[in-house]
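First the structure, which I've put down as structure tokens, then a few questions once you've had a look.
Letters A, B, C, D, E and F mark the chains as written, and numbering starts fresh at 1 in each.
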Amino acid sequence: MTGNGADRKTALVISAHAADFVWRCGGAIALHQARGYEVTVACLSFGERGESAKLWKQEGMTLEAVKSARRNEAEAAAKALDVHDIRFFDLGDYPLEMDRDAKFRLVDLIRAVQPNFMFSHSRFDPYNTDHMYATQIALETRMIAQAWGHNPSEKVLGAPQLYLFEPHQTEQMGWRPDVFLDISEVWDKKRAAIECMQGQEHLWTYYTNVAENRGNHFRRNSGGMAGGRPARYAEGFETVFPRTVDELG
Amino acid sequence: MTGNGADRKTALVISAHAADFVWRCGGAIALHQARGYEVTVACLSFGERGESAKLWKQEGMTLEAVKSARRNEAEAAAKALDVHDIRFFDLGDYPLEMDRDAKFRLVDLIRAVQPNFMFSHSRFDPYNTDHMYATQIALETRMIAQAWGHNPSEKVLGAPQLYLFEPHQTEQMGWRPDVFLDISEVWDKKRAAIECMQGQEHLWTYYTNVAENRGNHFRRNSGGMAGGRPARYAEGFETVFPRTVDELG
Amino acid sequence: MTGNGADRKTALVISAHAADFVWRCGGAIALHQARGYEVTVACLSFGERGESAKLWKQEGMTLEAVKSARRNEAEAAAKALDVHDIRFFDLGDYPLEMDRDAKFRLVDLIRAVQPNFMFSHSRFDPYNTDHMYATQIALETRMIAQAWGHNPSEKVLGAPQLYLFEPHQTEQMGWRPDVFLDISEVWDKKRAAIECMQGQEHLWTYYTNVAENRGNHFRRNSGGMAGGRPARYAEGFETVFPRTVDELG
Amino acid sequence: MTGNGADRKTALVISAHAADFVWRCGGAIALHQARGYEVTVACLSFGERGESAKLWKQEGMTLEAVKSARRNEAEAAAKALDVHDIRFFDLGDYPLEMDRDAKFRLVDLIRAVQPNFMFSHSRFDPYNTDHMYATQIALETRMIAQAWGHNPSEKVLGAPQLYLFEPHQTEQMGWRPDVFLDISEVWDKKRAAIECMQGQEHLWTYYTNVAENRGNHFRRNSGGMAGGRPARYAEGFETVFPRTVDELG
Amino acid sequence: MTGNGADRKTALVISAHAADFVWRCGGAIALHQARGYEVTVACLSFGERGESAKLWKQEGMTLEAVKSARRNEAEAAAKALDVHDIRFFDLGDYPLEMDRDAKFRLVDLIRAVQPNFMFSHSRFDPYNTDHMYATQIALETRMIAQAWGHNPSEKVLGAPQLYLFEPHQTEQMGWRPDVFLDISEVWDKKRAAIECMQGQEHLWTYYTNVAENRGNHFRRNSGGMAGGRPARYAEGFETVFPRTVDELG
Amino acid sequence: MTGNGADRKTALVISAHAADFVWRCGGAIALHQARGYEVTVACLSFGERGESAKLWKQEGMTLEAVKSARRNEAEAAAKALDVHDIRFFDLGDYPLEMDRDAKFRLVDLIRAVQPNFMFSHSRFDPYNTDHMYATQIALETRMIAQAWGHNPSEKVLGAPQLYLFEPHQTEQMGWRPDVFLDISEVWDKKRAAIECMQGQEHLWTYYTNVAENRGNHFRRNSGGMAGGRPARYAEGFETVFPRTVDELG
């Protein structure tokens, strides 16, 4: 774990589209807020072109109207999850593209937050190249934020873990969770945030099923029928970097 | 983490040959003993045929004499590491083979120890098929120990993590460490244990270099030049199963 | 696709333990029975030692009583799925082991059935070595059944596809589905079969969630919001061998 | 399979250089044309710089002359294969590069064609980075074509399969065919198209050998010596996305 | 490279069935014999049950007659390739199985030959489990042959490279060649050996095509159109162990 | 191996930052210079922003001053290694970016050098995206340099091997060495070059340990205790392309 000062604990979510943080790590956000962390969410785009089919099926819809609606949903969900801060980079989607300036804006945020850990997408996603591009950017901007020669007067970043949150159709993405987080105590908040996503109602049950089944995985890996902890809901994450510890467990 | 009762903390090492536990997880053993764990080591063979070249080069050497010498070295090393218990299964090496009875003897030990976590070799090793066979056996016996119908009166095993310790020539084995353990405070014990291995003096410097360089990896992954913890010696492990946690870090 | 005669269509399931065929390909079984296939299930063991925790928690339980109970459940489930034939090899579990004779008994069944396609477990399973062993045996016995010199008077096997059905915790097994089967029309039968598994009630909701979410995957991969077919329940499979076709689609 | 209207069946080939579609999926093109499909070929470049060595060895050759010659060859080959439509994007090669506008031009074509399935290169190619770049573009433009917010008045794309056709030196590219297509009935057309490639005569025999040997693979996987179908020529493809089916086979 | 004495150069082929060495490394055998090596071939079985379909289709065929015919073919092929020595272990096929004694017989041969390098099958083969079993045995017996405590009076083995020769349907086996050997000068011998395999005439053209196309790969990797060496026939191999060199090239 | 004329032997190193060539292939450089090769080093950047922490910690440091200091260190190290030529592309780091012009400048150098073999970074590096970007560029520019239509009057490149040199934390990068080079005779030069890197003194011992331990791997793979060559220092490399040979060894 890395430090960012004497008394703050922080985390940063890099979300390609406005809703990704809800389905994929909403539980982790609410839980860590409850544990005293300040969690910041960076939405690189609103998912306005590619993930708003329901809105576009309405008569006379415009790009600005879609972005506004998506922003409202994301802010409502962030509120439901007690998000500390949500930032909209408004970089466009399908495809998401980031030039040097956009990368440096994200570096600025990373340095300002000084996260103890970060979240992003899976490494690979043949359905959605924006997702894997966001992960590539997360690694690149993490590296820039560590450079002593980038804006030399600023505090450089340590070595925060990057947690890859759960993609849709995990097996097609080559994503393997190596940590399960018990989110039972904040499940109601995650469900409330999910229900803010009016445009994607077809996913509400889907991600509730995911949370229940990851709860089963949590129980299995914490002892199974010989004493596994009775987590009802969980989220899974894949780590990119090795952990550094004082004791195994 | 799994429990084995109210107040004991335990770990179990499955070592294909008598010396493996020293090079590969000697630091973890000494450290957890110092942390109050009882660490048991199971040596499936003495490495008497395949890992005792120096002894065999002596005039008139016999299999029993080699086994005896290797046992003495292993016991001395275990003592240096404060090992709680060391068991010699004496199953032969090059090749190591385990029939159903031998597997059940190992299951008996696993159940008696009720380890919070276990150690074994890498999944793959083209140089040394005994090593990967031991890992396969570790998974198989862990599964049997979890079976409610195996010796039904006994306490079944929970779901302990299996840590794969560092093989020789890591990259050829497809082994990737995902956790680094700071062993600086017990390095002297590990070095003392290493020096018990009179027959393999050519490896002393090698594994000292490994421990130093893993210390560098520990520092990098705990914050690097922006506050990484000054671990001087470390050991790396690859986990087989996902962790279950209450908080990320 | 391979032929087994003028007018029969057949399939064969190789199930390590008595209940695996229900959770993992119960829909495929019922569906193909409804399509005119004769589906045979081979249960290599009853899962009597390792997958019957609930029974073993009862006072005075014996191995024979567990096996009998598991057999009854499996037969009831098979009936619910309209299984053509179910065979119990009773080879023991945790660990499952097959000698040359047992393999040849399975070869006899494969040749008798002459399956158009077969089912078995994932290639890898660190939680349950019986599962991956069953897959290894499936490949080995498929090969023997193809040998013209094995019982030369018999009809040899063609080249049936081997479908690897869905394991528990798919990502840990390195299992990737490359075909989704719409089982909506037989879902009621699968659910009825699932409810025959009295000893594993904790898995009923789990595998219902799986079927619903695989239905979502079916819809996505058949066209998504631009016309995806409204499958409500599906099963996923990983193929081992390439398909041979006259037309792509 | 996805639909593009009541009565058309279509396919789209994305070919990095002008000749790739001939060697790699010429048989599939001719066969599906014969089956009533309309197959469109998009040549992103002519391969004018990097795949026209023979032309450049001629005295006084110019870039325009090479492009013209390559275009003529490609058009002749397309005719031999009964290609419905061939489009030259003329984006340059070695390296091939596509900006946002070029991507959107390709999206326009994808939407106009509404392919039931698509073809492109292998995921990886250390010899030829244009090839893997084309595959990356194929995934990205497929995604954009699915976005309801991209040119909202247009019909969005469904979820067509992407078939990765056979690269040169398959094993170095990590390409694994999972479907073999019998092209025996159109082999003469493919051979005629191959012979249009005057600048690459050294590959005629090579790809004839490939087609014969893939025929052997077809026979093996359709039943081998126990009834395999006597395909004489075949092509292999790797699928990116899972199939959705009503029946296994 | 390892040494086996002052003036002999030797190689050892481990072939699961009697004909494998012909198709897969016949060129390497003939070439190294011509270069002064003594190449020994160990046929673990005759392929009598699983790879002799043509013989079994004859009226009244017996196992002994098949074995005799296969032995004659293998000896004729060995002669055509100038093989130094061919040994038949007669261990049975489909499935091939080796107990401790059989392994030790193979170790005896390895030590007698003291090969500079060895050949065996691919690591994985879902069509033919005998093949991957032979590779596993090659690694295991190589390890035993290196053990100073195995028959202590004998000369131990050094560290010979293990070359995995080309399987059928390479991509399905996960086999990737990292070395191509020019066999043009001995092609006539390999073709003559191939033609000794009367029972598998359907493979003659197949493996001639393979040799021609590997010749193309040789040319590409030795310089391509800018000076690649004009090899007409080649064989490909995958190495298991790193090379040790004085100079890169 | 490829040729570049009658009597020159050359190699080219593509180094993302100014110091990479020292740690990762300094031994290979000095050794091949001693063998008569002319080795050219291309430093794409100075590592001025991201790999110069020690300098940036000094009061009043400027970007130009860091670049100058880094350049001086690199030139001193190059001299210690007898580098034939070192070129600084000064493209910036963290992130390193190359447009078409920068790529063509590198192609110009590749063609001027006509290397028998090249060096670059690992394929993957989650810590340092500049490293994997440099490898991608190495593959792309190698391809362009082979194009007959790129600057048609120039001599095109053959097919030089690309050696991927050792990254930091090898296992995290998926890097596997398949060749070890004995650098014992030039170790003093490599150590002298390492000591030129005043800003990264914390890595001196680290890479000395690496060289010693790779020496152990050299010995193991050249015969181990049965005659392995007594290399004291070595470097490891991963090859991208297959070798083409006349004889195995």
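Worth pointing out:
Following the convention adopted for this analysis, contacts are C-beta pairs under 8 Å (C-beta built on N, C-alpha and C of every residue); 3 or more make two chains touch, one makes a residue touch a chain.
Quantities reported herein were computed from a predicted structural model and do not represent experimental measurements.
In terms of the stated touch criterion, the partners common to chain D and chain F are A, E, listed by label. Of all chains, the one whose CA centroid is most distant from that of chain D is B.
For the pair chain B and chain D, the distance between C-alpha centroids works out to 52 Å. Centroids of chain B and chain F (each the mean of its C-alpha atoms) stand 36 Å apart.
Residue positions 53, 127, 146, 148, 172, 177, 217, 220, 225, 241-242 of chain E each touch two or more of the other chains.
Under the contact rule defined at the top, the touching pairs of chains are A-B, A-C, A-D, A-F, B-C, B-E, B-F, C-D, C-E, D-E, D-F, E-F. On the chain F side of its complex with chain D, the touching residues are 100, 103, 136, 139-140, 143-144, 146-150, 152, 162, 240-242. Of all residues in chain D, only 48-50, 52-53, 56-57, 61, 63, 66, 93-95, 97, 126-130, 172 touch chain F in the complex they form. Contact residues of chain A toward chain B in the complex are 1-3, 11, 28, 31-32, 35, 116-117, 146, 148, 155-159, 161, 163, 177-182, 217-218, 220-229, 231, 236-237, 239, 241-249. Those residues of chain F lying in contact with chain B across their complex are 53, 127, 168-172, 174-177, 202, 205-206, 209-210, 212-213, 216-217, 220, 225.
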